[in-house]
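Common to both upcoming complexes is chain A, partnered first by chain B, then by chain C.
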Partner chain A sequence: MGVSKTKQPLRKRGGKARSEERRFAFLFVMPALLLVVVFRIVPLIWGFVLSLTDARGVTEGAFIGFDNYAELARDPAFHDSMANTILLIATLPIWIMVPMLLAILIHQGVPGGKFYRAVYFFPATLSSVIVGSIFNVLLRNDGQLNQFLELFGIGAIDWLGNSNTALLSLIAVQLWATFGMSLLIFLAGLSTVPSDMIEAAKLEGASMLQTFWHVIIPTLRPIIEFVAVVTTIGVLTNMFGLIYVLTAGGPGTSTTLPEFLIWIELGRMNRPGYAAAISMVLFVLMAGIAYAQVRIMSRNVNV
Partner chain B sequence: MSNISITDLRKSYGQVEVIHGVSLDIEPGEFVVFVGPSGCGKSTLLRMIAGLEDITDGDLEIGGTLMNDVEPAQRGIAMVFQSYALYPHMTVADNMSFGLRMAHAPKDEIDRKVKDAARILQLEPLLDRKPAALSGGQRQRVAIGRAIVRDPDVFLFDEPLSNLDAELRVEMRVQIAKLHRTLSNTMIYVTHDQTEAMTLADRIVVLRAGHIEQVGTPIELYEDPDNAFVAGFIGSPRMNFLNARANGPKSVEVAGRTIPLPNLTADLRDGTALQLGIRPEHLDATDGVRLMMDVDVAEDLGATTFVHGTVGGETLVAERRAHVGNAVRELEICFAPDKVRLFDPDGARVR
Partner chain C sequence: MTIKTTLLTASALGATLTGAAVAQEITVWDWKSGDPAAYGYIDEATRLFEEAHPGVEVNFVMQPNDQYYTLLGTALSSNAGPDVFLLNGGAQAQARFDALADVSDMAEGLLGTEEFSDADGTVYALPITTQGFVVYANKQRYADAGLDPEALPTTWDELSAACEAIIAQGDVPCFSMGNKEGFAAEFFVSALAASMLTAEEHAALKSGELAWSSPKMTAILDAWVETEAAGWYPQGGNSTAKFMDEYETFMRGEAANTIGLLSDVAHWKQFDDFLGAENLGVFRHPAPDASATAGDGGPMMPVAGGIGYGVNRASENIDLARELVATLASAEAIAIFAQDAGILPANPEVDTSAANSPTLTAILGMMDGASAPMAHANVSAGELEDLHRQSQLLLNGENTVQDAVQRLDAAQAAAE
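Then we have the complex of A and B:
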């Protein structure tokens, strides 16, 4: 929408002037480029090199080729962490739908919308250690949640101590703690949906649900895509604090995610080389997922 | 086709009333234009008819049915928005058929209606495009097509042409006029462009600050305005207003000159302050009252020249169907007394 006829700037100019212009432009891009290279690319390469060594602690490791990766392929802890990751990613639609639906409701002007917005966002300002401590208490065997469930005659469940529920509890807590941010992003996105488009749909007899599905959600697509990518990266890289405080990866490996495994291998086992190999796998995984998401979402959007 | 009847319609936002009791009857098939300055309530009135704004008080009937609380989609109306309000992710065809698809109309009916509308508006080659790939004028035609597909009794337009450039605006204006002739539906059209109002309307409704100032055919409003506001709003360039003073029952004095007004029905009281209105295009008469004008600027548009200047300290615009040239410092203007419109200091017409 919006601007209609943007005139294509004249591209063809003298070759010399162009290359000069390019050099000049490069000068402006330089500082940012330098930062990216120094703080992103170099560590990435360094990490990859590290993953090809058997470095232990402070000693510089010897080059061992892809042995670390071969070991990964046989490591049951790593397998479990991957299985947990898949389960985590499978819950992604919830991570997107919950804030989106709540944002739509707030945007529609439910009474007290501003209050809800603040309340939903509040946990996002808490450190994961605090969130973890709160839920440690709430989810304990004699915690408030179990006391509450008992009112309905449901027996106590050891939410964090049972390998069937630990990961799901962890996911629920992380969702609670972070969906406020996505909600705000959706609210910002919704405020850009032109109101007369929605009015036009109303005039044409579209029901509320049809308007959501056929008008609002397609318009929000770029936002959904953004939230999906950011959330994926978030759950794969930002759950360490919560795991550490709530379950320490257990019981067994039931809440061990690759990120946590990296820390175990690095901090406890003192194997930076092996940890670096896991990091590389995690990196490739995230890049792959992000790429796939962007591709899927942008396939039929050319707004 | 459907008649619309509005009775003492009011709209308040909280404590603030913005439409102060508007009453209007619109005949079936009539093309009615709401004009008025920005913020006068044109859009609000139109949106109340559409059902997009609640009616605070008063009655709205369409086709004899009270519509105050009827859902917008059930009112038999279709609306074209200033911003076009097209769905950016849908093709032109899908945009046009949206309402029918949501109502689960049969596919062949949808196809037929979209084809018909596309033919009327010359949109056939564009049906598979997305709005982003259309020009402003084409988008506007799609928005109109979407309205046509709904086969409404009443078309509502809210400043549909104001996002287009001047040339395209003229073209689309003609298209809309043609459309009205082809479909002969009732149409209500909001604009603040008096040219659009004059050229399109069967009847013009002039609004100011939530009140109707006057309703009439374009010629009625042009020739016989009820007040200085309407007189100034209709016609371009706007009517000149000069301070005048009655110096006889049928004559006024302007800039030291006595102007006899034999056609006046009322008798003026000596010494009353008045406003004398005379249109720029009427200052080129061959005989009548002659005045000398001190020229400030002459705007030559080729076919006509608008001469800006002063008469006895009062600013004035005169139209000339000839080149005047920039060197001219003084110009004789001449007008027939029957072209003069008199207003009292509050702006009410003195006939």
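Then we have the complex of A and C:
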């Protein structure tokens, strides 16, 4: 009893101290929290409310419930943009394999590795508009690529003006422009692969391919997953500049991705309500991928 | 004490005047004021207005052309829009009538006000230029193909024959082509619709009653496909920008013809400078199965109000903004623009005789009784967007005209 009497006030003091500590901590967190609420949460809610209206630029727009979302279900341009998105996501293995293989080669100490590392990273420092302008000159119908192909008797291909090649051309250009960043992440990850494990594999007589498959890849798994998630989000939200400069979303809708469609609906069609509905769909898609990212990261923490 | 009182009085007066000047600043948004060819016009309009309104300042803010309507829409919807803003006639202006004040009382005598008016005839912006499409021809290319460069085509058959001869010559395509954004199709549709649609049909297209699947609209898209199949255009049209890659091709002499503008850019003054006035020809675009003909029996040409300034309905200085718009559309200011940039003014009081260009003389001579509505500017933004997309697919042979008109009909129905 006596013990409990002495412990109780102690608990109270401890609880009070913790509570004060919490309040103090909250004060520190407050500015960041406020920024997130004002610049992230409020616009998001505002965007969702806007997506429930028929706003047309200057007019506030009447509440129309989920009509914009119902229209999305019927809109062939939106369907095409989603189909393009799926095609884009389907190329994800290439986005991961190319920088990973090059990073492994550099890590293995190929001659001029540092030079290649700098060269591969260089395009990542260019803005998408500059990259677009460069490739516009290269890929246009009378561009250098077709002139080069002509040397081998191959006729001109309208890389950016044909539905069969336009999106793939865009993907290739975006890959060229951004894989340097993924390569650096892989290089950082490779530096964490214990060299004694590789040594041990070699001593056990493992071939290079076996070492690669059974030692390096499993160790790199968290990095691969991280690059996969970051790359997916990147290509779905950062290709506007390239599309704008290289194809303007065409021919037809063959290179129209949701972010470009949002811009068309907002800027050219003057339909902010409908554009907001597309934004919400894109947000849900992104949120799903971000959720996957959180799960992957936390799982790897446990590993 | 006297000095202190004087200083305080001066400070108070200064603050009042500064405050008044800030309160009386009129902001104008456009995509023109940064163009060197427009400097003289902007300066003159500003001078005229500020002299008539001491203490009021005009602040021109040039926005990037390709993002203009996005930025404008955002500013207007957040009630942060300018007092006065520049607009394209037709669909772009129509989409913003809600934000514009009535300027009908100042529009008398101006040409092309229809593009800035609603169905009741209320005018929401004062046009400053007359815009339209004509075909510019490189006379040397005609001569090279064994054609008479002084007898440019006046009928569809003559144009077809001329193109056949030019293509047979093998040096250049008949027309330069830039359809990356779908603009070449806009120009083609309007150029043919000018002669193929009657005035009633133009009105019906504007009101959404003339479907794209109607025989005449279908025939226009058929002509788009057939001219491509006949080899009128260079390869790669869908990856070539109309502004300015298509026109640069024409100016380099690498195409015999191009559908160009009357004012601002890609027009007679620019082509005169590059090809030489004596080497530049101009004619109205013929059309198959024309329903309307000009006073001289030739084809019609699409003409519209071009660009115009409107007053923001929410402006706190609406009276001053209205007076500024009147100044911007006045003959005195526009005369400078006409001289510097080679625009065709919407104000008929402006004297254009100083331009001294045979091409301009030819254009002015062919305009009488030949003006038809600009079809693409009168359809909804949704139809226009789908026209861009479908025209690219048609050019590639990835779609049929039948499918294209169905999509355009759907866009037309959605706009109602």
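Methods note: the second predicted complex is superposed on the first by the 258 of 303 C-alpha atoms of A that agree within 3 Å, B and C clash if a C-alpha of one lies under 4 Å from a C-alpha of the other, contacts with A are read in each partner's own complex, and residues count from 1 in each chain.
Keep in mind that, in the parts below, a residue touches a chain if its C-beta (ideal position, glycine included) is under 8 Å from a C-beta of that chain, and two chains touch if they have at least 3 such contacts.
Keep in mind it's a predicted model, so treat the numbers as computed, not measured.
Touch criterion met: A:Glu199 reaches chain B, while chain C stays clear of it. In the superposition on chain A, A:Ala55 makes contact with chain C only, while chain B stays out of contact range.
Once the two complexes are laid over each other on the shared chain, residue contacts for A:Leu266 go to chain C alone; chain B is not touched.
In the overlay built on the shared chain, the residue A:Gln210 is in contact with chain B alone; chain C does not reach it. When both complexes are overlaid on chain A, the residue A:Pro218 reaches chain B alone and has no touch with chain C.
Touched residues of chain A were counted for both chain B and chain C, and C has more of them. On chain B, the positions that touch chain A within their shared complex are 50-52, 71-74, 77-79, 81-83, 85-89, 98-99, 102-103, 130-132, 134-136, 139, 146, 150.
Residues 1, 4-5, 194, 196-197, 199-207, 210, 214-215, 218-219, 221, 301-303 of chain A are the ones touching chain B in the complex.
Residues 67, 69-70, 73, 76-77, 95-96, 98-99, 180-182, 234-240, 381-382, 384-385, 388-390, 392-393, 395-396, 398-399, 407 of chain C touch chain A in their complex.
Here chain A touches chain C in the complex through residues 55-59, 76-77, 139-142, 156, 158-163, 247-248, 250-253, 263-264, 266-270, 272, going by the rule given at the top.
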